[in-house]
C-alpha cells in the first residue's frame, strides 16, 4: 500500500515549483521562488571590489544571508533585529546557502567582485533553506549576466561552473518522501537536506535523526529521492534562465 | 508654466496605487501595497491577550514594526539583525505607524487582544512610511474581520472608528508636490508626511525643512495637497475592503 | 471663561526660562537651560575634521545626542547603557535636535569641523526636547565664537545663518496651550512640537493626535501659539549671548 | 600505492585517543578527551527541573554549548564574549552536539531533570566537534550515574538508550581518510562529520564539498570509514566508563 | 623644600568641597557634590520591595550606578549607550560605590526596600569615584530620612550604622599628596583610593602602582593622608545633613 | 589557641601550588597553575606589532583577559558570550591582571610587539584572580624567551624588570589568614588581594570590608601575611622557569 500524503502527492513528487525572475527592480539579479506555499524572495547584489582581507588576490567573493519575515509562519516570531542578535538557525542556514553557491562558482573567473545573496522568506511552509538555495542560484545567474553586460567581468569569463539546486527529503512513518511541507517536516523521523549540482554530484548532504537513528539503507533511499528532485529543479532553473527576464515578469 | 515631474504626473497626482488584500496565507490580515515602485508587505497578527502590564484593564493593544529588506534600495544596506541594533530611522517609523493605527482604533472595543502590524518594505522608491500606514490599515481591517468571524471580538463591537491613510508631500524648486518618489524626495527643500483619517482630520503632521526653513503659506499649501491625496487613498482602501479577499488574490 | 492651568499661567505664557551660559568648564560651548522644572545641560564639542565619508568636501558636520539621567523623572528608568541599546524615543529626539540645528548652520562656512551637541536631561518636567533644541543653539553659538577666537574658522565666516528655538504646544480640554509641563502633557489630546528660526520660519512641525484627530483650525491655533512662544525664546537667546559667558556664570 | 599521511597513520586509522573521566572536581560528570593534539574539556551539569516551557510534561532536557578558548588555535581569536555575540560556527556546533546526545537519551526516563553539556576546546587540531560529541557522551553517562546514586532518577530508569560517538572523514588528493587533523582538514576536497550510535546507526551525516562536488561512490567510501572509526570510539567509551572515575584520575 | 602643587594647595589639603543637598526635585534623596572642578550629581531612588531573588528575607538592597556625561572631560567620549555596552572602568566604579555604601547600612533595618544610587559625573577633574561615594552617602541619608517620614521604615529603625566618605591619594615626584586633580592624577607613580567610615575604619583600600612598585612606608604615608582627608569629608557631610534641605537649596 | 582551618593548614600557609609550564602546544607561552583545587590555564600570545593608536612610538603592549568556564564552579553559570556581554567582575579582574603584568615589564624593551595573556579558569576554588596573575607571569616569561629565540626582541633586551605574584588574604573569625579557598572566602570579614614584585614591593593592594570595616592593625597583619605568601610564590615561579619547558611537560 503506497503511503498517502496530505496534499495527495506521490512520495517522489515535488510540490508545484514557480520561479519568477527579475521580481525586484532594484537588484542586479532576483527571483521569487515558490515551493507550494513556501515563498522566498532571493536577490543578488553585485558590487565591484572584495572585502579588505581578500584584496589583490584576483578572486571574487560570494556570500549569503537568510532571514524570515516575522509573520512568514503560522504564529508570529520576534524579529532578530529587535532581539539584537541572530539565532543559531539563521546563521546555520545563511552559511549553508553561501557554501552551496560557492561550490558552483569559479571565484577566479568572477574577478575582484562580490555578490551578496539575500534570501528573505515571505511565507514559510517547510523547505525554506532548500528553496532559498534553488532560487539564489537563479538570482546569481541573473547578476552574472548583468555584470557581463556591464563589462564588469570579461566577455569570455565563465564564473558559473554548473547550476545548483536543493531539496529536502525525509522518512515519515517509515516511508522516504520528497520535498516535505511543514506538516510532514514536524512528523519526520529523519530529515535530510541535499544540495546537488546540475551534473548530479553532491555539494552538501545533511541528514539528521529527529527520532530514531537511521540505517544505511534508509540513507541510500533518501539520497535516491533527493537526486530525482534536484534533477527536476535543475531543469526548471534552466528553463527559467533561458526565458528573458522581461518575459518572465 | 506648470512644474514638470520626471514621471509626467501633475503636481497633485498620486502614483499608481495597488493594494492586494490577503497576499499572505499565514497572517490574520495582510496586504501588499504598491505606490508606484514602492512595495510594502503589511501583515496583521491578531493574538488573544495583551502584554502583562495591560492585563485586566479590558483594553487591547495595537503596535507596529517597520523594516526594509537589505536590497529594497538601489544599493544594499546591512541588515539591522546583523548589525545587532535597530537604527533611529526604523524606530521612528515603527512608532509613527503604531500611533497612526491606534488613532483610529477603539482599544476598549478590541477587548484584551493584541494586533501587531509588520510592514516589510520589499522595494523602496520613496514614501515607504506612508505606504506602510496606508497598507497596514487594510491588513488591520482584515484581521478585525477575521477576529469577528472567530468570535474573538463581539459581533456588535466596532473597534475601527475610522480609516487612516498617509501620504508624503514636499516642495521641489519652490513648487508643492504630492507623493514624492525617491528622485524627488532627495531634492525636496521641505518634506512632509501627513496622516489623515477617512473623515479628513489630522492624526500626524510631520514637516521638516531639509534646505531652507518654510513659510506659513507653504505649510498651508502642503496640507491642502496632503488632504487631496489621502482622500483618494481612503477611497481606494474602501474599495479594496469591499472586495472579498478571495476575489482579490 | 478662560481655561485655568495648574501653575496659574495664561494659555499663551511660557514657564520661567533660564539659560546659564558656560555652565561647564570643559566644553567649547555649554548652557544649562531651564523651562520651569525641566533642566537640560547642553554642551557643544567642537573638533577639527569631519567623519571620513565627508572628507575633502570642504563642509562641516553638526550632530546631536539626547539622553535622560535615570532619575530625571518621578520614577527611575533603567539606563540605556545598562540595557545595551538606545530606545526609539531617544533616537527620535537626537535626530530632531540634529536636524533643527543643521537648519540654521551653513556647513560650508563651518569648514571641515565637527560640532557634537550633547543634551543631557538632569530633570524632566515636560518639553525636554524643545528645551534641548533651544539650549543647544546657545551652546553651539558659544562654540562657534570659541572657534573663531581659536582661528579654526575664518574671522569673516558666518556659520550661523539664524537662531533656532523650539516649544511644545497642545490642546487640553479643547483649549490650545503653550509650553506644557508634564501634568498637562499627559492630558493633551493633541501634542505638537514646533521648531522655528529667529526670522519666524518653520524648521520642524510635529503634531500628533494623542486622543481624537485634530481639525485644521486647531492646527492653525497651535501654530499661532508656537510662533508667539518661539519669538520670546529667540529674544532670551539673543540676550543670553550678548552677555559675556564670564558674567553669566 | 597507499596514500601517506603527515603523521604516518594509515588512511583508516584514528589518532591516539585518550579519555580522562572525572577530570573536573566540580561537575556531576566530566571528561577530558584528546584526539591527538585536539583537547576538549567536556562537563555535564545535572540540575533538577526543566525550562519553564517544558514543565509538567514529565520529560527532561539535554542541551549543549561549545566554545573554543581564544588561544586553542595557532593564532589567537577574539573571545565571543568580548565581541558580544556568538558566531555562526559556534551556534552550529552547539546545536549539533545537543541533537547528537538527545538522539541516544530517553527524555521520559530522565524525568524532569536538565543536563547541560559544556564542551570547551582547550587545544584545537581538527575534529573539535567530533571529539566534543564523543567526550560529552562520557560526561553525560557519568552524570546519569551520579544522578542515580543521588536518587534523582529511578534506580531502574535507563535514560541512555545507546552510546554515541562521532568522527570526521574527508577526501584528500582523491583518497578518503579517517580522522583529519588540521593540516589535512584545510586540504580536504570533501569534509564529512558523521555521528553514529553504539549500534552502528546514523544520527547525523554532514558532508560538505569544500572544493569539487563529490560523487555517490565517494560518499559511500567516506561512510564506510566513519563507521569503522566510530565503532572504535564506542569501544574506548565503553572501556572508559567501566573503569571507576577514581581509577581514571 | 615642600613639594608645590599646581593649585597652590598643601600636600595634605583637600580641594574646596561643596555639597548641595536636594539638588534634584525628583529623587527621594540627592546631592550635587563638587571637589574643585569635579562635579557629580548623586541621586538616591527609594522604592518599596526588593529584587525577586531577595524576597521574603526581610532585608533590603542598596546598589549604585556610575556614569560620566560624554563631555564631562576635556575631550568628548562616546556614550556607553551608543556603544551598546558598559566599559570595564564604569562597571568597576559602580561596584565600588555600591559596596562602600552597603558597608555602612544595616540591610535588616532597611526592611524590604531598595535604594539605587545614581552618580552621574557632570564635570570630571580627577577623583570622580571618591566624590561619588562621598556624595552618594548624603543622598542616601536624605532618602532614608524621607522614607522615615513616609513611614516606609520604622521610626526607631537605624539603617545607617555610620557615615562613609572617600578620597584619592597618590605619590607624585616621590611626595605623597591628598586629593589629586586630573593633572596630578596622570603624573602619579602610585594612585590610591581609600574609603573610610565616620569612625575612621577602612571600607576599601585600592592602591595601584602606575609607574614603579611602591614600598611599605609609602603605603603607610598614603593611608595617613587618606585618613586625614576622609575625616574632613565626614565633618562636611555631617554639617550638610544637619542643615535642612530647604535651607540648602 | 591557634585558629584551625578546614584543610588543616596553618594560617600563614599556602595551599599546594603547582605550575606546569608549556601546557598548551599552541601558544608562545603557557602555564597551567593550581592553587589547591583552583586551576587556571594561562596562555601568552606574542604578536609583532601594536594596536594602531600606539604605532611608531617604539613601545610594546601587554594586556590580559580573564574568563571562567561555565562549570568551573559548583553550580553552572551562564556563559558571558551567550549573555552577549561581559560582567563587571570579569572586566575588573582582566584589568587587574593586565596592570599587574605591565608593572614588571619594560614596554620600551619589548619593542613594538604585543602580548595578550589569557587566563581561563578551568576549576574555581577561591583565589582565581591571584592564581591568574601568578601563572600569567610564567606564561609571559616563556613568551619573552620564545621571542628572543625568534629574534623578535633584541638578544640583550630585558623586557622583564622583575617577577610578579599575587595572593589573597583575609580575616576569618577575627584571624588573618593566607590564601583563602572558597569556603573561607565566603566567610571572610575582610578580603584582600595583594600583588607583589619579586623584590617585595607592592603593585596592587585591594582590600574590601565584606562585613565590618577593618582597623589599621588588621590591614597591617594582612599585608605581612601577603608578603610571606608572595615571596614563596616568587620562589616557585623562579624554579619553574629554570626548568626547561620540555622537562616540565
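Per-chain numbering from 1; labels A, B, C, D, E and F assigned in written order.
Going forward, a contact is a pair of C-beta atoms (placed from the backbone, for glycine too) under 8 Å apart; a residue touches a chain by one contact, two chains touch by 3 or more.
In UniProt terms the chains read A, B, C, D, E, F = Ribonuclease PH.
The structure presented is a predicted model; accordingly, all values stated were derived computationally and were not measured.
The chains in contact with chain B and with chain F alike: there are none.
A rotation of 180 degrees, rounded to the nearest 5, superposes the Cα atoms of chain C on chain E. For the self-contact between chain E and chain F, the two sides draw on mostly identical residue numbers; the shared fraction is above half. Chain geometry summary: the mean Cα position of chain B and that of chain D are 51 Å apart. A separation of 33 Å divides the Cα centre of chain D from that of chain F.
Measuring from the averaged C-alpha position of chain A to that of chain D gives a distance of 29 Å. Within chain F, residues 84-86 each touch two or more of the remaining chains.
Order of chains round the ring, from chain B towards chain C, by the touch criterion defined above: B, C, E, F, D, A. Here chain D touches chain A in the complex through residues 85-89, 91-92, 94-95, 99, 103, 162, 192, 196-197, 199, 201-209, 212-216, 219, 223, going by the rule given at the top.
Considering their complex, residues 24-27, 30, 37, 41, 43, 45, 47, 65, 67, 69-76, 79-82, 84-86, 90, 116, 118, 120, 122-124 of chain A touch chain B.
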